[in-house]
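Both of the next two complexes hold subunit A, though its partner changes from subunit B to subunit C.
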Partner chain A sequence: MKTNLFYRRVAVIGAGLTLFKRRIVETPREMSWVAARKALDEAGLELKDIDCVVIGSAPDAFDGVHMKGEYLAHGSGGVRKMVSRVFVGGATGVMVPISAWYHVASGLCQSVLAVAEEKMSPARPHPQSVFRYIWDPITEKPLNPNLIWIFAMEMHRYMYVNKVKKEDIALVSVKNKRNAINNPYAQAPANITVDDVLKSEVLVWPVNLLDVSPVSDGAAAMVITSEDIARRYTDTPVWIEGVGWTLDNTEWTGRELAYPRYLEHAARMAYKMAGIERPNKELDVIEPYDPFDYKELHHIEGLMVAKRGEAVKMLKEGVFDMDGDIPSSPSGGLLGVGNPIAAAGLMKAISIYWQLKGTAGKMQVKKPVHTGLAQAWGDLMQASTVVVMRN
Partner chain B sequence: MSWDKVGREDKLLSWKDVMEAEEYVYTVGYAGEEFFKGLKEGKIIGSKCPKCGKTYVPATLYCEDCFVETSTVEVKGRAYLDSFTIIYKDSEGNKLESPQVIGLVRFENAKGGLLAFIEGEPKLGGEVEVIAYDVPLKVRVK
Partner chain C sequence: MKVAIIGIGWYGFRPSVREASFREMMYEAAVRAYEDAGGINPRTDVDTFISCQEDFWEGISISDEFAPDPIGGAMRPTMTVSGDGLQGVVHGIMHITSGLADVTVVEAHAKPSDILTMDSITEFAYDPIYGRIKAKNPHFLAGLDAVKFMKKYNATREDLARVVVKNKGNGLKNPRASFASKLSISDVLSREYSVYPLSDLDISNYVDGAVVLVLASEDVARKFTDTPVWIEGAYFASDSSMEFSSLGDALYTKIAADSAYKMAKIHSPKNQFDSAFVDDTYSYKELQHVAALGLSEDPVRDLREGVFHIGGKIPVNPLGGHLATGRALEASGLSLVVDAVYFLREGSSKSVVSSWRGVPTFTGGVLVVSR
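Let's look at the complex of A and B:
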């Protein structure tokens, strides 16, 4: 994509998270408020300082409230303000700071409160049932597929094309759940071994229980402002320097499953904007979307941090560990922290923001960091969103 | 799921199914719990903002304007009928035995309101008394 536009500089100056839990007492509105309040407190702003609110949430059917954006606006500080809701399936979480970015970069707004919320627990018997109607009604639906089926096929294809073994992929789950031990918001931190992953219950071969992120409720929020406001409120703003997003077709059957081409497009857009030419050399810390363990490797390749099929090799060399060259998912990722869909994506962006600000606490990676990237992925395996930040 | 084979044109071209999740379990939240506990004790529980002093009914966890946490208070202001309507048929279209009056009850010095079944001759702005603390409320026109 070639652009000839002048963007205003956009900074992140505050962020907040709720605990990620299986079943949370708070209503979706209350959860949004908890996260939004924390973000405002960290930024040092009050609601009256906010021009506009961006809300991100996956299907209404999770919370069981239609017009969820309108419903959540109350807890997100959107009452009598400019509010918009973005939705690109699982990729929504990172679309939220992207949308907030264009509100500010365009000059329309000075300060944006960006909130992502997901309450996965109300739908019974399981939130997976919400996905029953995303399929082609004639050729796919009669099989009654669920998402884990198709991801299992994608994982199998990835393993076959790149000659990757299941025990190598399991290392991602081990790493992320270990990283989550340092994260006070995490739902599923654990010290596990590759053997634990391989011996956990098989859900849909080759996907075992510990290959998958847990179902969670949670909310996340960020305060995103113009340079003027950022300079007034903080000495350490984190800049959003590149954004990218792509939607592929819904015919997942027509795509090469082993490589996320659409992510490459989104990443190229963000890299170009941020002036990144060699992502594997220039990125200091990354948060690729990891609802499944193979997805982190898949996405690391799509982000061009690793060459095709070589993410596993780098993983085994320890490149993606907390003390590695390019720490990946230092927050613990979705596998360790939990997966309240939209909130999980924004949590990843918040993790990078805290890393670059140097306030990640025990999650802080060992090396000094200057450039970070967060990414999310979703819809029918077709959407990717990327945000690059610098301090 | 079942294949629907009625009519030649529909043959294997349409199917019937139930929509998505089988049921939902909602939580009322922290403020909601206080409100429902209050109903059981025959009280209307609202919440008061420590910053602007507004009282919300039913209780909310936070003030929507100041965005700070509120504290719960019992709402004791005069209850009055803000608006009402009369229903003659149920949602299936069957005629009701007797028309049902539904109203929006507000409380003096409080923001918000509660839906209620109304007994007696309704009048806009007229004072009402709560006769059953339930959802919806049951009130009688004074």
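Let's look at the complex of A and C:
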């Protein structure tokens, strides 16, 4: 990996989100366009100014459409353009700006529309049933596992290895749902207590209902351009300075679940590009992926913002609060805003972009911010994507 | 922009590969590609990995989970492009020209023999609200497209049969061509229509197969091989969805070709290329793509005059194309690249490769490759 001196500068100049909610009436194509239009408006560009479109969406089975990239191309403004869909399972949301970054950094494109969409609620009886087909068809599928089942294993392992209590993990859910109250796009904002989380229904022990993000529909979009274009349209571009992603092997059953080593690799790749040596000192605001509350802590450790097993201590000290040293998930995260998988990942990158631009409104963190990070995670607990941005 | 193809490997290209799963096919193709690239070690010499696949064809949701292990991409930057292998190549080129990687691997595979309900899967690719018209014959859209093309270019059924005879004959020299044969025009014309104006011989058959390509930047390519094949221009584009695309012409190829040619400084394609590897999933598609690539103003006349035959001015699919080797789903584009690389290694100097994703899509890519 080379140092960032040689990379062409790539900027984010616009972003847009739809409301995140269950049972949105628009079709996936329409949702994509709603978000894309908002992003173009914020950037001050028209569709004719865009030369490439990158689409992200998690399993095809959610929309029940084969070749979902082809289907979404039309709604994402990709007509008669270079348009493709990138995919790394649940980590797709942050892979979309990463891919848009190299579209521009390579010089092949000048302005890219990065769009992510997910519509989970039409799945019957529940989106979990879509996940029945993510396993090895021969060795695992016959056991009919579901996702909460394996995440419960991971959560349990994380708690056991690091001696973390459930009530401490619940603080993440409390924090993120509270942060989401400031987010106009949020689906599940709430003022809850640790007690509420512990008393909510047990899905698969130790996962309770309020430990998990809700089922959501939604879309997100970003306009990502070369430096020339960015300077023409805005005085406050936000630069993408580091990207990284890693896939671990498929055999999740053979892995140490307590620590996401693939995330450490992805983060190291992004930090090296961005010239970050001490992430816990240099990152001002972070958006780690939090489909489950323990995942935020798990990821904060993988990002090397906290030492192994020490994220909980920092959480309790208030380091990750809105007015803390390193505000984490100021948008409200997936727990508060909702979890339309790929769109949720891109929402995290958009949250950092708005923080660095200073236009996050009531979500804006208290301290001045210059360097931010968004992260997503997915596949069979094996994929992570990281993007570092600066203003 | 100049990126080198330093290694290619393939496995399968038979109607049914029984001895290997899709993962094993990927592994076999990868081993061959790394060997072809001068014996590189993917764990240390490769910076990024790209796999091209689609969930519904794999029968696995989030199928990219299975991408890293067989190609050496575990714990490395590995990603999936849900598209044809040629789109993956363009992403690989961007990894290299952005400075992210020096060496990138692009993989695509297909296991259609595992798919019991191919026609239903195809139907799922239409818009769920107003696109799924429950056509019992998945080729109907190609039929409409073919009729419009034939009308525009005054092509007859004999002309389509000429393409079939040429390609299936050319395939006799290709070790991957399961469907190569020596046919006459009357053999083709005597078949019943699958959908007017196409018979089963006009439609390529599905095959199982995997292809792995190793790409390298200009600076490091020489370190690995003395015989790199250079990619001088690359682009892909989508027209639109079925409801809004123009039938009769391959507009996606035209858009992609315009950009790829600009990069490669191709001003007169019919004079600058000495061979072409274009998608011929259906016989008429070859002629349509040849027109969109600017290789001919009147592809029907040129076909009749032998311009596209071996020994002609621009041999088109001299190793048989999909009609002879079969259609390997997402590996189709890479299958054409493999043909092009072999042909260049044997003496051709500049080729164009053009892919299409098949019914019902309107996406295709174009590569300009040279020795």
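The working rule: the second predicted complex is superposed on the first by the 384 of 391 C-alpha atoms of A that agree within 3 Å, B and C clash if a C-alpha of one lies under 4 Å from a C-alpha of the other, contacts with A are read in each partner's own complex, and residues count from 1 in each chain.
Throughout what follows, a residue touches a chain if its C-beta (ideal position, glycine included) is under 8 Å from a C-beta of that chain, and two chains touch if they have at least 3 such contacts.
Owing to the predicted nature of the structure, the values given are computational and were not obtained by experimental measurement.
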First, second, both or neither for A:40, with subunit B first and subunit C second: first
Contacts of A:61 with subunit B and subunit C, given as first, second, both or neither: both
Subunit B versus subunit C as contact partner of A:193, first or second or both or neither: neither
Larger contact residue set on subunit A - subunit B or subunit C: C
Partner chain in contact with A:130 - subunit B first, subunit C second, else both or neither: both
Partner chain in contact with A:27 - subunit B first, subunit C second, else both or neither: both
A:121 touches, of subunit B and subunit C: first, second, both or neither? first
Touched partner set for A:74, first subunit B, second subunit C, both or neither: both
Doubly contacted residues of subunit A, that is, touched by subunit B and again by subunit C: 27, 29, 61, 64, 74, 79, 130, 132-133, 137
Partner subunit B, residues of subunit A touching it in the complex: 23-27, 29-30, 33, 36-37, 40, 46-47, 61, 64, 74-75, 77, 79, 121-125, 127, 129-130, 132-133, 137-138, 141-142, 144
Touch list for subunit A against partner subunit C, complex: 1-2, 6-8, 27, 29, 58-61, 63-71, 73-74, 78-90, 95, 99, 101-103, 105-108, 130-134, 136-137, 243-251, 261-262, 265-266, 269, 378-380, 382-383
Subunit B - residues contacting subunit A, complex: 1, 3, 13, 15, 17, 19-33, 61-62, 64-69
Interface residues, subunit C side, partner subunit A - complex: 1, 47, 54-57, 59-62, 64-69, 73-83, 87, 90-91, 93-100, 121-122, 124-125, 127-129, 235-241, 244, 251-252, 255-256, 259, 357, 360-363
